[in-house]
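Both complexes shown next keep chain A, but they swap its partner, so chain B is in the first and chain C is in the second.
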Partner chain A sequence: MLLPKFEYDEPRSIEEACETLRTFGETVKPLAGGTDLMVNMKKGVVRPSRVLSLKKLKTCNRIEKLDATIRIGACTLVAELIQNQVIADTLPALQAGAKALGSPLIRNLATIGGNICSARPAADLPPALLVYGARVVLHSQQGPRTVLLKDFFKGPGQTVLRGDELLTAIELDRPPANSGAGYLNLGIRKVQDIDIINGAAYLALNPRDGTIEKVRVALGAVAPTPIRASLAEQALQGQKPSQDLFVQAGQAAQQDCTPITDFRGGAAYRKAMTSVLVRRVLETALKQIEK
Partner chain B sequence: MNLVYQTVGQSIDKKDGRQRLRGEPLFSADLELENALVLKVLRSSKAHAEIESIDSDAASALPGVVQIFTARDIPGRNLMGIINKDQPLLVVDKVRSLGDAVALVAAESETAANAALQAIRVDYRDLPAVFDPQQALTEEAPLIHAEGNLLCRRDIIRGDIHAGFAAAAVIVEQTYQTSFVEHAFLEPDAGAGYVDSDGVLVIHASTQNPHYDRSEVSGVLRLPKERVRIIQAATGGGFGSKLDVNCQGFIGLALYHLQRPVRLVYTREESFLATAKRHPLTITMKSGVDSTGKLTAAKVRILCDTGAYGSYGIAVVSRAAVHALGPYALDNVAIESLGVYTNNPYCGAMRGFGAPQAAFASESQMDLLAAELGMDPLKIRKINALRPGSVTVTGQKLEASVGYLECLEAIEPYYQAAKAEWLPAQVPEYRRRGIGLGGMFYGIGNTGTKNPSTARVVMDQTGQATLYTGCADIGQGSSTVLIQILAETLGLEYENIQMVAADTGRTTSAGATSASRQTYISGNAVLDASKKLAAILCSLGARQLKTAASDLVLRKGQVQDRRDPSRGISLAELAALARKQGIELFGEGRFDPVTTSLDPETGQGDPYATYAFACQLALLSVDVLTGEVRVDKVVAAHDVGRAVHPENVKGQICGGVAMGLGFALMEAFEPGKTESLKDYHIPTCSDMPEVIPLIVESEEPSGPYGAKGVGEPALIPTAPAIANGLALALGERITTLPANLERVLEAGLKAGLFGA
Partner chain C sequence: MSEYDVINSRLSRLDTPDKATGRALFIDDISFSNMLYGAILQSPLPHAGIINIDTSAAEKLPGVKAVITAKDVGTVKYGVSPARYDETLFCQDKVRYVGDEIAAVAAVDQATAQEAVSLIKVDYEELPAVLSVEEALAEGAPQLHAEYPGNYTAQVHQEFGDVKAGFEICDLIKSSTFVNKRQDAAFIEPPGCVAVFDLHGALTLYSSTQVPHYVQRTVAMVTGLPVGKVRVLKPYVGGGFGIKASANANELAACFLSMKTGRPVKMNLSREQVFKLCRARHQFLHKMTTGVKKDGTLVSLEHECYLDGGAYSSFGIATVYYAGSLLGGPYKLQNMKYDGYRVYNNKPPCGAQRGHGGVAARAAWEQQLDMIAEELGMDPFDLRLKNMMQAGDVTCNDLNMSSLGMEECLQTVQDGSEWKKKKGRLPKGKGIGMACGFFVSGAGYPIYRSDTYHCTAIVKLAEDGGLAQVYTASAEIGQGSDTAFGMIAAEALGVPLSDVRVMSGDTDMGVDLGAYSSRQTLMTGHAVKEAAEDVKHQVLEVLSKELSVPVQDMSIKKGRVVFHRQEPDFSELRTRYIKEHRGWTDNPKDEPLTFREASRIAYLARGSIVGTGKYKPHELGGKYKGAAVGTSPAYGCSAQVVEVEVDLETGQIRIEKMTDAHDCGLAINKTSVEGQMEGSLSMGLGEAMFEEVKFDARGRVINADLAEYKIPTAVDMPPIETIVVESNEPNGPFGAKEVGEGAIMPTIPAILNAVYDAVGVRIFELPLTPERIYTAVQDYHERQKAS
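Right, the complex of A and B next:
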């Protein structure tokens, strides 16, 4: 299958890219890895008249370790998220999400920004990013604005990103020493699959009494967008971690989700798996702290 | 008897292997044809509907659109099918399933062809549709074909089942269900063609049966066979689906009318939608066993959903019946197997022709019976195993090459070790381990019908041999094996043998690359041809060496005195001599396995000349909280008669295990839902267990150098082995495939395992 005809731009700066977006509006589609866009263009699902390649935007494919934060350029390859030492050391749940995404061929092309902007309910990176409290930096000609990732998704394929905006970076606070996080996914086969369900959890313990000081739980493929499981979080907040507590949190998480039935999995199965996954990612997070 | 051969039994470099690695062979989509038109097929969006009108005027007027064909443009017989002809190339008055071909577009470009597809207007009038084969057999069901919804039936009646069940200590009865399965070969269907200077329609295609393609295309076009030439292009797998005429008829129709080169390449989605699937089978099986573990009787009812068209359905129905009870001796049986039309996607040949589905049922029954008796699953299989002298359910007495017991014995040490050490090992509470056995037998070649192969071997004046065979190598390695047989027989180096294969203009028919038949049947045809040429060479040599021809052998490029190898004459010298004397050096071979047709009422007869046997052992673990299954190891023992190319046999086994694992755990085709490799799941490397192939060689006296076949047997035992392993792990049996996450979880819940 061939691609339909389109205009092609390769801006060299974010400013230049934003100008193109402003000028051509909805008829432009930004191109990062293209693992989603190219397929959909071939299928005729999206028909942009102009494609804006982001590959010459040098500032967008770096991972920077700053004093209190980590800044990941939107064009960072998923493969790089696996290999990068900063990610491995400080954001292991994100690394786990990256490992679960697609195949080696896909990971060598796909970007973190693309995985976020395509806004698929079952995407592998958002749950980990959500539990690390990620913020996304959205650029337009007016300059950047920062949005919490949990406020970014609106529905399947829908986000708060305006037509004249470009997602340029993801920012995360560096997790403190007494914290840990985990990511897990479940699919029909072991790899290269769209998940039936996925999820992540982040725990930070109070160093004095060992209670849960900060907790975030996120789930994918159980709602129109990746979600934070707030009832699960409430069940955990301020408590001492234990097997029983994690089981309770898992059960609470079932009330956070509104899954559908499709050929990959039934709603009841997804709901039941929410408990198992939440429990297991909490265990992973706790193990990391204890390490 | 373990003769050492020069070439047979050696894992030589695969024919064309290096070229394939370098990307040299041309697939249909790669063929360069000047000025070729693009063909596209408009497919039905309805499962069952009358066609009130097809308006292609607007589409025809679009730029770049050359012509749009409908059924009216077909000059000959607009019905296809290798066994029964019921599938139109282009539908006439109604569509019977999603994906039926409604119109064919020829255009200058893909863009123009796609635009034309959008612009053709078809007015349908919906008809009631039926998707359940049981319902399709009722009085009220809508008729899919005028002759009724029952395609065919096969009964096998032997002994007295009432007496048999009366003698049983234990009787178990269970219904099993399998899914539609897509072949998911690497290369989607494709073909390309042109009209040559003699007016012959030359069609290069991705195919498993070029000679059948030729007869079908010439019939559709009402042309003499000589006016159609099918050449197999490099083919990226088939697994049975490319036994149907998929692209070839459309290419022929366009060539016939337009006399211009054309090309038709299916997208993956089209290949999913519009080609045959594995038949879903509903099998109800009642089995009885006496207190010693000996099977006493079985009653079986099989319902094969063939979808909208027959394709290979009749063969599947028949083979499922013959193989319904597996490689076991049983005196009292009543088997009823029905093939039923529905408005589902049509089903045809897929690796095993109903035997994999049947093995899932019969091997599950063996474990159920063993459990009831408190007997080891391996033991009950040994007690009932077919062995030399046994009589099958069709009344065929097996004389030789019955290697099932040897397969069981090859598996036994792995089985005992797994049972003693692996199974009881400590694992996390939410994990359960299981081991399972799956056995099978498989008749080589077509069921109770003639299925001959022919071959021709020619030697030129320099002593170089060329093999002409109609046999289509679709990646499984038949070309290599046939050359090995020729090389062995003529004492030649295999590297120097040329080959012309699967070209109806240059080769005679070898029949279909199906039913695991090419090594045995075409191998024998090549052996026959080679022996005839060898006889000529020996008689020429006899005169030169002044020795009786019967004392001569062909070895190392020479005719030699068997008693004194220093006395010899090279084939090059003999060939030069033959030329001088005006003697043509060639041999023509033919082989048709000795079979009898099955009695239409009792199904008794000798449907196959030989059978392959196998047993596989699966070791697996289950996460009982999620239903995830990890198959850790599969040990696969296969009696292949003789492994002409051992590495190739191992390759077939590993590939078969992968396909069997998909069938067992994840594959289910649903039209409109799972029409791409994104949504239809076949196993990846990460899903694959370690596979330990064990080659068992119970030599087949009628086989070429003792060989039988392995293509389909490789896959058949895997799903039952996994199903039995799951039953042991969970304490609850899954009777519907695929055993996906939800079914496994549900079985665990039933057994009370959830909440661990």
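Right, the complex of A and C next:
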């Protein structure tokens, strides 16, 4: 299978990229790592007449530690998410998600923005980003707008990103000291898998009484998009962490998800695993606080 | 210390430098000027009549040089076994699976060829399709082949001994049903070829194949060219595992396209096409009933098997025989009944894959034997040792175990895995399991009925004796056969491996049936040994005359002539040699007579010194129908222990350790033997744990890539302990026999038995995905609660 013919642009600035997007609309596809796009173009699943390479957008591949936030350029490589000290120190669940994504060869090409924009239900990065309360910065010729990641996904491959917009950065608040987060995934084999289910949890404890002050739980591959497990979160909010509580939260999470049966796995199994995964990932998050 | 100078050691492979540096030529590295690129039109429907094929738009596309259909190439039937030639290169009247070949195009580049294929217009009349064994055998089911009614490719009905009478004296009779899943061999290199039809009317086909000889014959038969006008060469090959062991449509299409255009034509398959066109392991459904006495003595085995065959026979007729015959051993079993059915349906055809026909059967039976051991309160090792055959024993279906290191294999894996410390003492969720297996060391008969030699070999000395060239048409496909033959030639001749060069994989070099059925080390090894001994004898004959020493009083060792009695005065020979090499700085001085000197003298006396060798098996046992499948000059055998940990909450299995012992006769190159063992374990682990080719309701493969078809990664492989057990095989060259396939036999059942030990529930279906384990354990607990 060969790549079809297409026009190729390498804009030097976000403004230039946005202008191309506006001019050519739906016929143009942004190219970051290409680990999805190139495969789908070879298969003929997507047929853009123009490809907009993002590799010359210098401002899009930085990880910046700001006062209260961390800003990750959309073109940051997944491999960089693993190696970067800021990510390792402050967003370990995101690092865990990055480690679970594909193989080293894929991680050397794939980008965080691509993993978000392809909007696959089983993608490895969104659950961790969701529990860190990530926001995505979407640029058009009108300028940037910021959208909560949890409002970004609309369905498999569907997002709120308009045809004239480019995702340029991900912003996350720096987690407070008394917080922790984790990411876990479950597949057929140990690595290089398309997860049957994955998930992340974030816990921030009240330093005075040790109750759960802030909680976010996110799941992948159990709904048309990566989701927040709100019933599980409700079960945890304000409570003191305990094994029993995490079991309850895991059970509650089953009601948050609407998995399907496909050739990768059955709905009943996915649902059952939701409880196990949520409980375990909460334990991971708690362990991190205790560290 | 070994009594040998070259073999039975660990030597670097001859292909290592080229492969490590990227110099090794594989099929896609081969190009010619003026070369065209080919592409194939494949059916999008599982079953349909062809009303019309319109190639006019494709032919008009600029850059297209040829479009061929059944109208152009005829409808010569071919296949693997002449007993079931059931396919034509291109479909004429109907297509039988999604992927069935309809036409091919040659164009100036790949993109044009692909575009041209998309311009061929085919009018189909869709027919009802059958996509499983059950559907294909249902009453009134659509028929695939008029010549093979009932959708049966082949049926086997065999009984050895008296199974029913046997059951009557049994204390325990156990039945179980087992099913594996359709496999893809996932070799690293998709098949490809380049066909070159020259100006003398001869065709040369470069192909990524395991069997240049069979490809040569099939190409000759289908194109109508004489065998002598067809030459097949194989460059380095990135794995085959049985799937490249027959001629394929890609090769035939390239040949026709080159004949039509007069230009070289390259045709490569994509990974997706591999899943459609390449015939790997069948799905087998085994129903087995085994009867034993209370002391564990095996008495009777009743066995029924259904093979989900796909649209054409391919190897299927052999596969269905192997699925039965390979249970004849390694246990003493007097009574065995087998009913096998290989069934057509509208999916891509299946064929042969490592452990041909026997892997799922072995898994089913070894698991059942474990169930029997448990019910009898016997250790699984003891049950097997109790029934184990000895070297020289013959199975009830006439397989002669001329060597059998099975007991030693069992002993070494039991010790190596610390079985006795672990069995029955592991915590919940951890398990240990074992199994045995064996495999042929070369099919006893060619695929086509013939008195042909299975291999011929030539060894030719350079004029100064400094190099012995080995010519064999055998196939190095990554397993290390070139190195093995180099070592065998060097040992037989008495020179170091560095003085031997191996040329292989070319039908111009002789006849060799190729790399399948684990045959080359034993069979080609014999031919190479004979050719090298012939050369040695010729050199010694000349020497005998020159020095007046009887031939039998001399030999060659480590590149020197050894005189068993008194050393004669050979100064005159040395002087002649040195005269022939004036100006050379490395002429021999105060040393024993060298092989190089002797060879030069022999050359001066006789011209080129060329030795030849050949091999075909001696008369093998079995006079019953189907005896040709399973009989072999020798059998390799192995035992394995697998340790697992199962996450009882998720069903995820972690293989913690595998301990494997294999009896390969005398190991030619121990490192290569271990490589084959590890490769077998990895392939078996994949089949047990992850792998399954999946289809949608329209007969299309839905996981035709290596992202969704999951083979083990390096991370999934546990530590492996490989123990090479050496028996002395009387029918093997230097006592050597197979390792390539026998080693996969115990892997799946050892994993099944270990998983049972860990979770307490038997699983009778592969692969052992977390979901399958989880569901089985849940169902078991539900049933326990209900009862």
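Simple rule for what comes next: the second predicted complex is superposed on the first by the 291 of 291 C-alpha atoms of A that agree within 3 Å, B and C clash if a C-alpha of one lies under 4 Å from a C-alpha of the other, contacts with A are read in each partner's own complex, and residues count from 1 in each chain.
Just so we're on the same page, contacts are C-beta pairs under 8 Å (C-beta built on N, C-alpha and C of every residue); 3 or more make two chains touch, one makes a residue touch a chain.
Nothing here was measured: the structure is a model prediction, and the numbers come from that model.
Student: Let me test your reading of the model: by the given contact rule, A:L31 touches which partner, first (chain B), second (chain C), both or neither?
Tutor: In the superposition, A:L31 contacts neither chain B nor chain C.
Student: For A:D193, is the partner it touches chain B (first), chain C (second), both, or none of the two (neither)?
Tutor: A:D193 sits against chain B and chain C alike.
Student: Mind sorting out which residues of chain A both chain B and chain C touch, each in its own complex?
Tutor: In chain A, positions 1-2, 103, 186, 188-194, 196, 263, 265-266, 269, 272-273, 276 sit in both the chain B and chain C interfaces.
Student: Applying the document's contact rule, which stretches of chain A touch chain C when the two form their complex?
Tutor: Interface residues on the chain A side: 1-2, 103, 186, 188-194, 196, 263-266, 269, 272-273, 276.
Student: Which positions of chain C touch chain A when the two form their complex?
Tutor: 110-111, 114, 270, 272, 649-650, 652, 689-690, 694, 702-703, 707-708, 710, 712-713, 715-716, 769-771, 774-775, 778
Student: Can you check the complex and tell me which residues of chain B touch chain A?
Tutor: Going through chain B, the ones touching chain A are 110-111, 267, 625-626, 628, 630, 666, 668, 670, 673-674, 678-679, 681, 683-684, 686-687, 740-742, 745.
Student: In their complex, what parts of chain A are in touch with chain B?
Tutor: 1-2, 103, 186, 188-194, 196, 262-263, 265-266, 269, 272-273, 276
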